[in-house]
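Notes follow the structure.
We just call them A, B, C and D in the order they show up, numbering each chain from 1.
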Amino acid sequence: MGGNTTGSAFRVTTWGESHGPALGAVIDGCPAGLELAEEDIQQALDRRRPSTGVASTTRAEEDTVEILSGVFEGRTTGTPVSLMIRNQDARFASYEALKDVFRPGQGDYTYFRKYGLRDWRGGGRASGRETAARVAAGAVAGKLIATAGMKVLAYTKNIGGIEIGNMCVSPSEEWIKKVRENSLHCPDEKAAAVMERKLAAVREEGDTLGGVVEIIVSGCPAGLGEPVFEKMDAALACALMGIGTVKAVETGDGIDVAFKKGSEVNDQMNEKGFMKNSAGGILAGITTGEDIILRAWCKPIPSIACGQQTVDIQGRNRSIQIQGRHDVCVIPRIVPVCEAMVSLVLADHWLRQKAVRL
Amino acid sequence: MGGNTTGSAFRVTTWGESHGPALGAVIDGCPAGLELAEEDIQQALDRRRPSTGVASTTRAEEDTVEILSGVFEGRTTGTPVSLMIRNQDARFASYEALKDVFRPGQGDYTYFRKYGLRDWRGGGRASGRETAARVAAGAVAGKLIATAGMKVLAYTKNIGGIEIGNMCVSPSEEWIKKVRENSLHCPDEKAAAVMERKLAAVREEGDTLGGVVEIIVSGCPAGLGEPVFEKMDAALACALMGIGTVKAVETGDGIDVAFKKGSEVNDQMNEKGFMKNSAGGILAGITTGEDIILRAWCKPIPSIACGQQTVDIQGRNRSIQIQGRHDVCVIPRIVPVCEAMVSLVLADHWLRQKAVRL
Amino acid sequence: MGGNTTGSAFRVTTWGESHGPALGAVIDGCPAGLELAEEDIQQALDRRRPSTGVASTTRAEEDTVEILSGVFEGRTTGTPVSLMIRNQDARFASYEALKDVFRPGQGDYTYFRKYGLRDWRGGGRASGRETAARVAAGAVAGKLIATAGMKVLAYTKNIGGIEIGNMCVSPSEEWIKKVRENSLHCPDEKAAAVMERKLAAVREEGDTLGGVVEIIVSGCPAGLGEPVFEKMDAALACALMGIGTVKAVETGDGIDVAFKKGSEVNDQMNEKGFMKNSAGGILAGITTGEDIILRAWCKPIPSIACGQQTVDIQGRNRSIQIQGRHDVCVIPRIVPVCEAMVSLVLADHWLRQKAVRL
Amino acid sequence: MGGNTTGSAFRVTTWGESHGPALGAVIDGCPAGLELAEEDIQQALDRRRPSTGVASTTRAEEDTVEILSGVFEGRTTGTPVSLMIRNQDARFASYEALKDVFRPGQGDYTYFRKYGLRDWRGGGRASGRETAARVAAGAVAGKLIATAGMKVLAYTKNIGGIEIGNMCVSPSEEWIKKVRENSLHCPDEKAAAVMERKLAAVREEGDTLGGVVEIIVSGCPAGLGEPVFEKMDAALACALMGIGTVKAVETGDGIDVAFKKGSEVNDQMNEKGFMKNSAGGILAGITTGEDIILRAWCKPIPSIACGQQTVDIQGRNRSIQIQGRHDVCVIPRIVPVCEAMVSLVLADHWLRQKAVRL
């Protein structure tokens, strides 16, 4: 009930606060026999870390993962895999000044209303830092589904209105390389350079930018997903909308199909398979075997340096100006989180599928 | 695991196929003492039924609900509430011709790939008819959350590109009345008339249209939702994307915020509360107490009368033309389904919240 | 949360009250492709019905099951299987006199304290009649695990202190036939005759008797069960103790092992397998491949004709004498319920095991 | 699905192996505002540790717990409480000799059959050491239910056939003190002395003993438990049978009631309440408000020093003699585990009850 667990066959529970001793995840249901080492997870965590680019904060977290259980002699044993990341740079003095105040656009007010108290150090559990645990668990999921040929790629589609063109279907190795090498996780170098300039300008203003992440899953077998409440697109929408910054989620041609006719939208088939993929790899909530295509629309980071009006826990007016280390754009750090969340859903549904036929 | 259950405190399991003996839902976790009669549910089912308008099929289902358990002397007893709707007009001769063929845009192909066999009568469980059970269960959820002052209103925002303007915040009684009385569930009569004309024209072509449903929840208390994987917006996105026709989901200002700056998006506060509601009533996955605002983008119905190319279960090319009774636009029937799904999520999270504080 | 669902891969939700319109079960997660007809389920229900023997009531329920969904052309489709049994003989006038009174040994008092109100017609959901739905669902589970060679047999071990000797390991066809043919489900005819006489005498006194049911599972593969909280023996104990009348549960040599030494209890192995089966087929919560052996100790039925002292809902002293149709011993009707519950657990864990190894 | 999580409102997931880096538990759903410090948990862990008595091993684990999340300024925040215990004395050389051999009475064989590989260091996850994580989580549950007046006491009822008499109803402070002070957790000093002598003699033989733990819950409110599959007694039986060593579970008068008449067993009531408590505080699966009474029958520890016959992973005959540090009787260490498991169930059902009435 507590809402910190996801999945039914590949179950992941995360825990931890921004400025507590550590963050972590427990994976229950990872099949026995999967090769797994801390390096596999560390790579994903490193991609989530603040880069040296203009988009990022200066918080210097190493984010070193430790596998505490469930792996023996280099393979998973079938018992829970416990992952832990110690918080190393947990200075919270800068938050003390705002401990009685609700920062606009953050979870401060809603956590207080939910629980009657809150951990005000860096947003506590509502901090984006919590996603490190998801990325760690997602890396294990990613390794698992890779054994079935699935590959999940997320990349920056748009920052502050600067949008890159469509990729060809099923990302090529070259395209993936470009995503991995660019500090904004954007495969179009020229667009990325424009984004960087815009980010630098907005940072000067003490303001922040949003954007769009696109996620492509290639190699997903047909037949994954459930008929009614846990349709594959529903599960994926839940996964992506469950990232703090995401305000809208699309599958396939998404928004555009609302304005088209059935004859334009239906993906007809012939002996070679689907003739196009407007559906984005999912029909009636179940995968078609085509690429799964998703887009997550992200709001700008709410921690801005500009002055803002708010109230404190007594409900009195307060004017604040947020200090401290903050990113100017969340997109580069959200890209690996999107990959992780999508991988978790696929791992779960892939395992569930094993019991569907006699 | 089977994906036909939703919720953890207010748990709903649905069952039934388009052309089987019946459809139904079992609600486990409805608190004892709620006044409940079949009429309460029947009203919602009647709103979901094909109207006499141009958008609808001619399938003449009465959709009479029967309460089989969990209610005694007019009140819920705390034990499972079982609801059943008999299928009365279950002619499936028109489907027999296509029983070996995968209709484009439907679940035919994916169900076959998932289960290795499929109930081809009217789409089986993948039929939109399955949503009758959701609407029945949603009506119970709606009665439950109404005891806490919550009200869920869905209405037609856009059909085939014809879009109505924004409503004022928190729907007035007049606005609600207009929605309830219009056969397209559209509160703007003039726009509705234009939609009707467009629908009539598209029907002539044997084609179909999509659209947008907007959902407003008023009276929702602050504090509902869970911190990480079951954030309120994630749960609502899952609920809406779990409707077969929905391809994108937005909360609050949704897509637009991706192109704005933090200073524009943040909802600042003063002593009177939030100064605006760009967030759509949810921050960090937890309700703020403001109206919850959602939009569901729906694809056109795939059952078109135009000729289409597809394959059969042996993978051979086939040209088909779909016969039978089909709507030209799903939106009017999806409106009550959206209300139902949102009500289910709110009922669940409202009950869960009772155990959150010491 | 509501406690009316069991299983995680093979999920069963039951609903219904003793004197409501119907009882039923929804099975979500039954694999596609299982041959299933109403007759398969009817057989199990018929074994649960009151026999003409001395142990039973005279309530004349036909208990005819209807499959409402999830089966097409004689096979399961993978979607939920909904089962319904109409209550046909639902006279409750005899209960009206006691509607404000808590009958000793029944759920009257506790349901009232839990829910603040109760369905007093025949015990409502607390009635033993609820087990009809479990037996129906258990019959489907039984068919499923039979495809893997598993067979579940329960029989009467003891009624009112009259106990039959140990069966040979893995019940023979002859033994099973004897169980099926005897009206007390007791394979030892002579003992059964003595039980019958004792039951007749106790019925004269207006009193009731308890007893012991033994359950043997043959053909269960090694490796089923989970490491910590859902060990196979824990799941089975939960299943059996969840039958209203059961007050103690044993696995293998059970109680006796508490008084033995490790050297006597350990089941040593050699090349042919386990040298004995003191463990009852389960080690560390996981099946060994040997027969699973369980015993359920049942209390006498609380509905006795003798005068009893109790209180009403205002807490005032009341003397009562229970009228109506009541069994003198629950054991014969509990035997098929035990089979059902054990089958449900095995079906669930057998499906879960499919996702355990890479 | 993985079976390492228990509870639905108060959810606990444990992880860790006997000789891995650490063990731990994540609690999701603990209400916000509970005072909690590491000392609260440490006390329970200390009671579980090997004492200096004759029953225990010499493994010198400090078992120091660390709270990694979910507590801020001395109170729970409502977010997951993560607990970790580092394994400090994880020498496993003595196990290396047996790494290809299945020790009789252990999980070696069944884990291998389940997962296809196993962590052979000290039994891996099948080790009794895993219960340290349960005790840690149970201590939090115990603190939570204490706020509602509930108190859980377990004690040694029987070791190797030496049994103590019945306690008076609802344990007195003096009785509790005696349990807490005795190294065998046995409140009868004289019996405890006899037990110690028997244990010493059996240790000489290289053998082990089983016994019986009794658990009393006082102060439990009426109304906890669920109607069908999660009856309170079913949940408690599951919890206790889920302890590796337990082979039978009784509630109330348990086994004895199978041989009594209804008129003897029914707990009649008068204006002062129940006139006796044969039911052990539970009727129809729901608590009555009387003391809950449970007994767990435990097998002797399988790690005996005597020679034993077994097979290796190739199925070849092997004669073994187990070396290393092993207890002669599990009872003293199981007593706090029983308390923990019962506390977890009560905490879960107490929270669930908050949403049961309108």
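General remarks:
In this section, contacts are C-beta pairs under 8 Å (C-beta built on N, C-alpha and C of every residue); 3 or more make two chains touch, one makes a residue touch a chain.
Predicted, not measured: the structure shown is a model, and the values here were computed from it.
Any chain touching chain A that also touches chain D appears here: B, C. Chain pair with the larger contact count among C-D and B-D is C-D, by C-beta pairs in contact. Within the list A-D, C-D or A-C, A-B finds its counterpart interface, over half of the contact pairs alike by residue number, in C-D. Because chain B and chain C carry the same sequence, their contact can be compared by residue number, and over half of the numbers here are used by both. Seen from the C-alpha centroid of chain A, the farthest chain centroid is that of C. Separating the centre of chain B from that of chain D, both taken as means of CA atoms, is a distance of 46 Å. Centres computed as Cα averages put chain B at a distance of 39 Å from chain C. Annotation: 26 Å between the Cα-based centres of chain C and chain D.
Touching two or more other chains at once are residues 1-5, 8-9, 14, 29, 32-33, 78-79, 114-116, 125, 227, 352, 355-357 of chain C. The touching residues of chain A, when paired with chain D in their complex, are 1-5, 8-9, 11, 13-17, 20-24, 26, 28-29, 32-33, 66-70, 72, 75, 77-82, 84, 114-119, 121, 124-125.
Chain contact summary for the complex, chain A toward chain C: residues 1, 8-9, 29, 31-34, 78-79, 147, 227, 351-352, 354-358.
Across the complex, chain A meets chain B through its residues 1-6, 8-9, 14, 102, 104-107, 109-111, 113-116, 125-126, 130, 134, 158, 160-161, 202, 205, 207-212, 222-231, 233-242, 244, 247-255, 257-263, 265-271, 275, 279-280, 282-289, 297-304, 306, 308-311, 315-317, 352-353, 355-357.
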